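I've put the structures underneath this note.
Same chain, two partners: chain A is paired with chain B first, then with chain C.
After this line comes the complex of A and B, so read on.
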C-alpha cells in the first residue's frame, strides 16, 4: 500500500461519483464504564466474569458520523472489529444502527495484540475496501492508549485528524475541529483520510427494533491472521496488572458550622497537605 | 545497537511547553542509569534559540529542524521530520509528553517506526537495561506494567507527574534537514481559535475545582468559579453536569472525559460514580464536599466535609482568600 497513489485515485473517484462515499468505521468491544475492574490474583490480566461488554463509547461517535455521512452523500458503511467471538455482538449493534456490512477479525493469535499489531490487522482488512474515509474512536476506554487510529492511517498512507469534535465535508476534503490545550484548531485534510472521534462530534442513535431485525441478515465476513496475510508481532506487553494504589483513610471534618468547617479545611490544605 | 534516550520537545508559538522539561528531566534520569546520552528533537520555524532551555534540563544534544512547513504543528510534517532523524540515529528510548500534540505525534510515529509504546505513563524506570513503564488502564481502575521489545521503546508521559529538574548540560545544537515532500503533506491548519480566558487545561492544572449534579444548575457555577479564581484553579465537571448541558464537554472529568492528576482536586456536589473516580483517582490530594455522607466520593477523599456545598463553598472561598492574602 505504501507508495501507491491511492489518494489521487480516490479523489478522482469521489469527484466523479460524489454520491457514493465508501466509509469504514472501526469499533472495539470494551467493558462498560460502570464496570468494576478486578485484577486477577496472579496479575496476568483482569477478571472478565460478570463484565457487561459494550461498544467503546468513542467508537459510537465514529459509527454515528459514518452513518450521517452515508445518509447525506450515499454510499456504504463497513464496520470492522478485532476480538474474540463475543465481539460479533458489537458488530451487530453497529449494523443495527445502520451500517451495511461487517468484518470480524477473530484469531487467538491476536489475543494480546498491541496497537501496532491491531493496526496491522485492521489495515489488511480495510485496504481492499479503498475507503474514502475511516472513523475510529479517539481512544478505547479499556487500554486507554489512543494509538490505533493514527498507526492505521500511517499504514494506509493517508492523513488523519485525531480527537475531532466537529466535521465538515467539502469537495474531496474535510475540515475537522480539534480541541487542544487552550485552543480549538480547524484542520483541513484531503480525502482519503482517517478521523478519530471525540465526544461532542454528534449524539449517537439507538438501534431501532427493525434495525436490530435487519442486522441479523447483514453480511459479516470473518477473517483471521492467515486470511489477512498478517503475522502478529507483539512488541508492547503488559507484563503485570496491578490494582490502583490504595489511598489512606481520609479525614472527615466534623462540626455543625459550615463556616468553621470551611476554615478548618482551608487550614489543613495549607498547613498539613501543603497544596494551597 | 539502539543507543541513547531521546525526547521530542514540544513548543507552541515559539515557547517550550512545561511538559518538555518534564520529559527532558525524566530522559536524563533514565540515560544516567544506562550511561547514555540525552538527545532532543526540536521542530518548528525560528526556534533554534530554544535549544539552550532544553540544555538546562539535562539535554546533551539538540537536533533542530527549522522549516516554515513545521509551523504551526501538523501531524504529517512533524511525524515525517521526526521519523527521519530517529531512523538515522536509532535511539533505545523515545519519550514524548502525553499532551494533545504528543499523543497525536507519538501514535503516528509508532506506525512509522514499527515499534511499541506505552501512553500516558506515570512511572518510567530502567530494569535489566530495559524500560519498564507504569500506566493507568480503564481510566485508572487498574494499572499496567509495560515493557517494549522493539526499538525505540516509546512512551508518552502524563503531564504534572514527572518533576522538571534543572541539570545543565552542553545542549550542542545539530541542525538537520527534515527533507519534507510538499506532495506528502495532506493536512493544514486553517484556523486557530484561542481560548482567551487564560484558563489552564484540566490535564495540566495544579488545582481543579469540580462541580457535579449537586450544583443543581448552570447558574450556580459562579460559586465554584470564585473559589477556583482564588486558588488559581481550573473548573471541571462530572458527566452528569455535562450531559445535563450545564457545562461544556471540554470540562468533563472521568473515563469518557479527561483523566486528570492535579495536586489538589476539590469535588463539590459530586457523588463519585465509578467512571468519575477513575478519571480523578490519581490526584495527589482529594477533597469532597457533599451533603450525602454515604456518597462514594468520601471513600477516595483525603478530606471530607459532609454539608451543603452552597453553605461550605462560599466560606471556603473566604477562608482561602484570607489565608493566601
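After this line comes the complex of A and C, so read on.
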C-alpha cells in the first residue's frame, strides 16, 4: 500500500463531513457481451454500427458500491466517463441508478486513447472533486487491459486496492477483501483511496422508473482536453485488430472397430490437434 | 272456522288470519327493517366512495345489462360448478320466487282487494300455493346442501391450505334463511290445522305438516300460530336488515360488480400513460387502485372457485386469488372506515385528519400482500374466467408488480437479468439480437425489407427465433406456409421482443419501449395481417398494441393451419399413429377463446387419436410459465409443469400436443423430470401437421423453388 501524508486540511475536511462521503465512480461504455463484433476491413478497429452499448459490468459493481456507501453514510456520487457522444447514455444509466451528477469527457483528441491517456484525463477531471473514495471496474470487458484504475490512483497520488470483492467502510479508512489464488487477503487503506471492483462485490440494482426520469434532469458537466488542461499523449497504439479464426468443422472418425477408432483418435489428437 | 269468503271453486286464504291486529305493527317493523337496511347500505356507500381513482365503468349499458342478466339473473357462471351451482341456484331462484310471491300476495291484499279486484283466487291461488311450496322446499334443500358442504364435506376451496374460512356469520346466514322457510311451513301447517280447507292439499308442505298437529286443541294451535307468526315476521324483517351488515351484502355488490365488469377483451391491461411526471407507478397504496378495482373486493363471497384451479395455489405457493382479494378487503374495510371517520372530523375542523391517515397507509405489496404471492401468479386467467362475481384479480397483481418494479426496483433477481436481456438484446434469453433472423436463412424466407409485398407478416417471436426447440416449430410452420403457397415474410433482425414478459412482470416501461419499436417497424412496412406462433405475442399484438397505434389483424398459427386444412390447401396424408393429449395454452384458450382450432387440426391428422386431460379448455391447468414466471425460479411447493405433465401422463397419451413455445418448454422439461422422455414427447401442433403432410423427404419443394437468401 502506498502511503501519502494526509494534510491537515484534508483531515479537517474528512472530519467535518464525517458521515458525508465524497464518492467518484468511473465508468466505461463497452459493447454488450452478446453483440456481434466485426473488425473493420482495415483492421483499425471494430464496426460500431448495430452494436448495443452498455456500461462495463465491472464498473457497474463500482457504481453500485458507491451508491451503497452513499446510502449508508451520506454524501454524493459523481460518475465520470470518457468517450464519444454516445457515452452520455451510460452516464445517465449510472445517474438513474442513483448517482448525483456526471462528468463526460468528450474530445476527439481522446479517440483511441490508451490507458495512460485515459487515466490522465480522468485524473484531471477528478482531482478538483477532492474525492474520498474512487471506484473503477477491475478492467473493462472490451480492451481487457485493467490498467486505468492503477494509473489513475498513481496520478492522484492515493493508494489503491485492486480486484475487491468485499468492502467495509469505517471512519476515514476502508477494509477491502481481495481474492488471490486459493485464499483472500484483507487490506486496510486510509482514505482517500481508489478501489477497483470485481464480480461478487455486490449485485447492481435495476434503476427505478422515477430514477430514470430524474436522471434526465441531473447535471452532466461536459469537459474536453482544453478545459481539463490535458494534452493527450498517445504512448501505445493498437496496430491491428484480427478476428479469431472461424471454427473448423468437427471431424467424425468412421469405422466399426472401437479399438481402431480409439487409435485413430489418439493419433489425431497428437499429430493434428497437438493437445496430447 | 274458515270464513265464508272462500270455498271450493273460489279458493284462497285470509291474509292476516289469526293476526288481525298485527298488520299495523308489521308495517312499523318492516319500516324499521328497511331503515336499518338503508343505513347499512349508506354506510357502505360512503366506504366505497372513500378511496379510489376514477374510472368509467358505466359506458355501453346494454352490454352491461346483458352480463347482469346472464351471470346475475341466470347465474350462468355460478352453474359452471355443479354442486355449488345447484346449491346456490336452489337458494337463489327459490328465494327470488318466494319474494316475488310475497310481493304478489301483498299487492293483491293491500292494493287490488281494497279496489275490489281479487285475483288470488281459485286456480290462480292453487297454482300460487303449489309454486310457493315447491320453491320453499328448494330453498330448504339448498340450505341443507350448503350446510352439508360447509360443515360436513368441507372442500378445500372453502378454506386456505387446510384452514377453514368459516366465520360465525356464514352459519348465521344459512340458519336464518333456513328458519324463515321452516317457520313459514309451520305457520301454514298451524293455519291449515285449524281451518282445514280441502283445497289446501295444494299447499302440500303445510298440509302434510298439519297432520302432526292433528288432535291438538284449536285454541292451543292458534296460540302457537301467533307466536310462530311473530317469529317468522321477525326473522324475515331481520333478514332484510341484516343484508348490508353481513355476507348477504353480495346480493347487492355481486350484481353491481357484474354490471361494472370490464368490457375489454380478456386480459387487456390499462397502459401507464405518464412516465415523465408521476412519482409512483402501479399499485402501491390502496388509493392507487380505481374505485372499481377496490369495489371488486366487496363483491367477493369467498366461494373459492378461483383458488380451485389456481396453479400457484394448487402447487403449494402462498398465493390464493381468494385470499389475495380477502386480504385487500380486510385492509380496505379498516382503511375506508378510517377515511370516512377522518372526513367527518375534517369537515368539522380544518382537514388534518386526512393527512394523518395518508401517512399511515400501508403499502399493499409487502405489507398487506406477501411479495411471494404477487410473484407466484402465472397470469393464467383461471380466477377471472371462473369468478361468478367477475372480480378482476390479474390486473391488481400486475399493478402491484408494476409498483415493485418501476417505483421501488425491488423484484426477483432472475427477472432483472431477463429485463436486461430484453433491453440489450431484445429477447429474454439475452442471445445476440443480430442472430434473430438466422433460423430462416436456409429456408429462403424473405424479410419485409427484402420484399414488403406479402399478405402476412409472420411475427416469429423470441422463442421461434432463439430457442432451439422454438426454432424447430418456426421452421415447421414456415414450411407449412410455403407448401400451402401462403404469401408471407418476416422482420428478421428488425423484429423486437413483443414485451409480454416485461409487461406481465411489471416492467411497463420496458414493454412500451419494445412495443413502440415493433409498431414503428410494422407500421413502416404498412403491415395489416400478422401470424404469431407464440400465444403471448399473439395476445399482446392483438390487444395491447392498439393503445400505441398498432392496429393489426392478428392470427395464431393454429387458426391459420386449421383454415388451410379446411380449405384443402394442405393435405395430411401420412398417418401419425399415436395417442395425443392437447394442452390448452392460457393465452390462447382463456385469453382468446381458441379451443377448437388446435383440436380440429389434430383430429384431421390421419391415425392420430386425441385424449382430453381432466382439466381442459376453460378449466385448463397452466404450464407455469405465464406472467413472466417462465424466467423466475420456482422454489416454493411443487413444480407446476410437473403437475401438468402428470395430468398428461394420466391420460395414457404418448404425445402432448401444444401450441405455445413456453408450454412446450415447460412440458418437455416435465416429461424429462418424470423420466418419461423415452415413451413420451411434446410437440407443437405445427410440427405434427408438417410431419403428417409427409413432405419432409422431398425436401420442401416450395422452399427449393425460391432463391435462398444470403
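Simple rule for what comes next: the second predicted complex is superposed on the first by the 234 of 276 C-alpha atoms of A that agree within 3 Å, B and C clash if a C-alpha of one lies under 4 Å from a C-alpha of the other, contacts with A are read in each partner's own complex, and residues count from 1 in each chain.
Everything that follows uses one rule, which is that a residue touches a chain if its C-beta (ideal position, glycine included) is under 8 Å from a C-beta of that chain, and two chains touch if they have at least 3 such contacts.
Quantities reported herein were computed from a predicted structural model and do not represent experimental measurements.
J.: Answer with first, second, both or neither: which of chain B and chain C does A:34 touch in the superposed model?
T.: Both partners.
J.: Between chain B (first) and chain C (second), which does A:54 come into contact with in this model arrangement: first, second, both, or neither?
T.: A:54 sits against chain C, while chain B stays out of touch.
J.: Between chain B (first) and chain C (second), which, if any, makes contact with A:187: first, second, both or neither?
T.: first
J.: More chain A residues touched by chain B or by chain C?
T.: The partner that reaches more residues of chain A in the superposed model: B.
J.: Would you check which partner chain A:170 touches, where first means chain B only, second means chain C only, and both and neither mean what they say?
T.: neither
J.: Return first, second, both or neither, reflecting whether A:206 touches chain B, chain C, both chains, or no partner chain.
T.: Second partner only, chain C.
J.: Can you list the residues of chain A that meet both chain B and chain C?
T.: 34-36
J.: Going by the contact rule at the top, pick out the chain B residues touching chain A in the complex.
T.: Chain B residues touching chain A: 72, 74-76, 79, 99-101, 103-104, 106-108, 110-112, 114-120, 132, 135-150, 186-195, 199-201, 203-204, 207, 231, 249-250, 252, 255-257, 259, 263-264, 273-275, 281-282, 284-288, 298-308, 311-313, 315-316, 318-320, 322-324.
J.: Where on chain C does chain A make contact in their complex?
T.: Touch list, chain C to chain A: 275-281, 405-409, 411, 413, 416, 419-420, 424-425, 430-435, 509.
J.: What part of chain A is in contact with chain C in the complex they form?
T.: Counting only chain A, the residues touching chain C are 32, 34-36, 50, 52, 54, 203, 205-213.
J.: Could you please specify the touching residues of chain A with respect to chain B in the complex?
T.: 7, 31, 33-37, 39, 46, 57-58, 114-116, 119, 141-155, 158-163, 165, 175, 178-190, 193, 199-200, 234-244, 247-248, 250-253, 258-259, 261-263, 265-270, 273, 275-276
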